[in-house]
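Structures given as structure tokens follow.
Heads up, the next two complexes both have chain A, just with different partners, chain B and then chain C.
== the complex of A and B ==
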């Protein structure tokens, strides 16, 4: 009897892994195709697409596409821009959105429920609808720098950072997490003489590791992978462009497919490295929020 | 040490009144316990003293200063919470010294005070541990240690022993009692456990539905309860109650009688409303076995019944008696009493130990 049930368990496990492996293979296909194609000349790449050879590193394999990609676009600059914009935005976003969440949950001020609802309502507004008004605003904003006051933020890093710092999803994540923190910890700290800012810095934030990881992961992926339309509008200057805008360099007159694949492979490296580094936190964050990254 | 005074304190959440005009005075160095059933407002009252809840009206004074609008940190109080509320990301040393760190006390002075608190609570060996490595009792010591180091005028305890098992609860109860004696600070302690209240308190405040039902020393409440609620709440096993006819015979005395209670004369603490039935209360500890009704003396009342259940606890024997009307009476007899299940017995009580209340 025990033998049968143990065999059944083994079979069930095998079936489960088989399904998971099949799903993994399906998801891996585009990635494998991208990497393999990045080593092939365009002619062979296009010819191979009709067969399984498209997923195998066979035929005329070389690093020519990488060389050409580097010549065609300033990849290093684009990657630096994207990584820098992502890191600064994520850091500021976590700081400011967590403070907002803290205020919504712990501070007693009238109208906070209504204001939180309004903030959350902005989740349903697609970016495309506010892109043009936002362009008008940022094109006229002042900036006080070392050279005095400048007008207009176009062609800068800050125009790609500031509008993305505060977002409803990140605030929502912090609000939900803070609500579940034991209220008595906050009250104990208050009784012990901590100011609200000390409660935030010394009690709440050190206990918020899981939500910090979730917010950082979701925000980083969004900033690195999805910054295309906005930089296209506000940055004409090559020195400030992020990686996604760099894709356009490979779509001129004739699409250079091999170089495009090389470029995509290169820009995927930081994301994959980030994913592997934060894999456990990444899975936990998706599971806990039910939000797709 | 500080004197605490609550005057006409009220608290409402919307239209619901939780605390209905409470007046309490707590002397310097006194240990006062707020006791009452769940939802009676005792924790809310404590949180109002701590400054964690606003008060709707009235005044709260600590050390002669009105603190209604002061934040918790300026009230010179320390609070120990039911869930301990120790910070999980800090070591015991950091937890105990948290208030001093916030205050900016210098490192050497802080370490000295933390070690002193650890010595008092016998937890010197735990200082470098994290809360997750501590047992429930040890966590509660850390919470108490955090309160001690700040040298507050008033200690507030919000059901601090509720999360501990029975044996640990007894140990910690004794430790809190000792702590009060050694520190001599004013302490306000909230509990729903009347044994905790009786053993720890200099004075008990019994609360029900946001109102003070009676204030007094544990023995005052035990021997002279003002009303049915206090009579039923204080004392274990609970006081026996019988609905009786009561006819005044002068000097506050009434001739009482009921199907289960032999006719006798009992004095009421307060005059009873005329023409209404009354409630006779007899504590289980005040009942003793006699051979038969004829053996009762003139100043004793008598009850008879059949033994339905015997619980032998060693120090005492708890007997459940089935009375002629079917009502149940509980008697606490001495531990070695040979009373047997099913036997018919006669119990006597001193008339001066009986309580007579108006029917509510």
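== the complex of A and C ==
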């Protein structure tokens, strides 16, 4: 009897893994197609789309598309720009949004509930609706640099960083997490004479590893993968363009499909590396926030 | 001391020699061809030649991806950040002139008298832009297909009538040799729709908008002629003559070459590649559905931004760029139609007897500009959606009526766009 039960359990497990494996394969198809296609000439790539050959590295395989992609667009520059903009934005965002969350949760100031509600209400405003007003603002902002005061932030890195540092979702993540921290710790530190800044730096932040990882992951993916419209309208010079704008270099009258796949493969590398490095935190963050990346 | 004297002299000589270069005023120029290596080299050559040819101006080019170029220009106009020289797609020019992005082009119009009509951007009676090339669309066919199906070869003087054209499609369909008799490239739902398909509507006697006033589409886009066009258009897809909007890019690119399509409606930018694959390819004129055989005209053109501090310098560059040698160089490299007959004679493909000479004739004799109105940018999108909907089975009359309402509402909202 126990043997039958054990065999049934084994069969159920096998069936479950089989289904999961099939689902995984389906989800892997686009990635496999992208990578495999990046090694094929356009004629073969298009011809293969009507068969399973589209997912197999067969036929005329070469690195020609990669070579041509590097000639067509300054890929290294675009990737540097995106990685740099993402890293700076995420670092500043975590610092400032965690301070905001700390203030909303632990500091006692009048109107904080109303202000927090207003901040959270901005979550429902799509960026497209504020893009033009924001463009008009940043095109007239001053900046003090080595050459003195300059007017207008267009064609700079800062115009791609500063507007994205503070966002309601990141603040919300910190507020929710801080609410669950034990109050006794904070009160004990205050009784011992710690300033609020010391409480933030020495008590709260060291206990906030999970939310820091969550905020960093979600923000990084947004900054790296979704920066298209804004740089399109505030950056006119090639030297400051991020990778997503670079996609347009491959959509000519005759689309360079193979080169496009090579470009997509290349720009996916940092995301995949980041994912592999942060895999555990990534899964935990989705589980804890219910937000899909 | 001697050493110091030598260094000082060298500096003085260097400064003197560098004098004219330092006096050059920089002109910024935006171009839509980022990622297009061939165009980039040609534009770079023109700019380099211009900069070396005189001592007053230095042009500096910034290239943008074509698909997002218009958005970048619109944003820059809002932010007051336009360059001196802009390139623009011909049908968008009236909108940009009306919106104040560009100013009339201060060059002698006698210098562009011989240019193809589709290469000149004229709005409100003034020249705003000029193009180094035009594009043309033709009916791609194989000589062997025409022979097998017993079809006569249509010419510019004697194009196929609508009935002849449908008879050709019926013959191709009945032969059973082709997956589809005709390919229209329906997967490309951008400017291709109004550019490539509105000439069919115009050949039926309709139009996107009433060109006599440009204040309504009533009657033009939903009159009897437009309804006849709509019924014909829907029949192409409903009865399996042509692949619909779900056509894959792969089929669109390879279908004519691999023999899946008997005929294809395609641009001259695909002609060189097709000739390399299909020995007996022919480029036939558009059929005549009763009101003349027509194709779309107007491609990318250069103009001067309204905010340029140096319009004379910008115009000097544009005058320099429209030399026949450059028109011919663009044509040879990309396969586009050169803007002048004299430039055409300098090219491999468009000179008399050249394999693509027919396109020059098509551009010169069949080309009809898309509606020359600032409202075109909206009308083009409405027209595109209507044609896709009809192709997918929507009621023809209802769809065209709705399109007319949308176009008219936009015209009213914008106070008639200055007409």
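Going forward, the second predicted complex is superposed on the first by the 293 of 293 C-alpha atoms of A that agree within 3 Å, B and C clash if a C-alpha of one lies under 4 Å from a C-alpha of the other, contacts with A are read in each partner's own complex, and residues count from 1 in each chain.
By definition in this document, contacts are C-beta pairs under 8 Å (C-beta built on N, C-alpha and C of every residue); 3 or more make two chains touch, one makes a residue touch a chain.
None of these values were measured; they are calculated from a predicted model.
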Exercise for review: In the superposition on chain A, see if there is space for chain B and chain C together, and answer fit or clash.
Suggested key: fit
Exercise for review: Determine, under the contact definition given at the top, whether A:53 touches first (chain B), second (chain C), both, or neither.
Suggested key: neither
**Study point:** Touched partner set for A:193, first chain B, second chain C, both or neither
**Key:** first
Review point. So, does A:203 touch the first partner chain B, the second partner chain C, both, or neither?
Key: first
Check your understanding: Of the two partner chains, chain B (first) and chain C (second), which one does A:158 touch, if any: first, second, both, or neither?
Key -> neither
Point to revise | Touch count on chain A, higher of chain B and chain C | key: C
Check your understanding: After lining up the shared chain so the two structures overlap, which partner does A:185 touch, if you call chain B first and chain C second: first, second, both or neither?
Key -> first
**Study point:** Distance of closest approach, chain C and chain B, by C-alpha atoms in Å
**Key:** 50
Check your understanding: How about chain B: which of its residues touch chain A in the complex?
Key -> 50-52, 71-73, 77-79, 81-83, 85-89, 98-99, 102-103, 143, 146, 150
Study note, to complete from the structure: The answer for chain C against chain A in the complex is residues 30, 34-37, 62-68, 71-72, 75-76, 78-81, 248-250, 253-254, 267, 269-270, 273
Point to revise | Parts of chain A lying in touch with chain C, wherever the complex brings them together | key: 42-43, 46-47, 49-50, 71-73, 132, 135-136, 139, 152, 154, 232-234, 236-238, 245-255, 257
Exercise for review: Report the residues of chain A in contact with chain B in the complex, numbered from low to high.
Suggested key: 182, 184-185, 187-194, 198, 203, 206-207
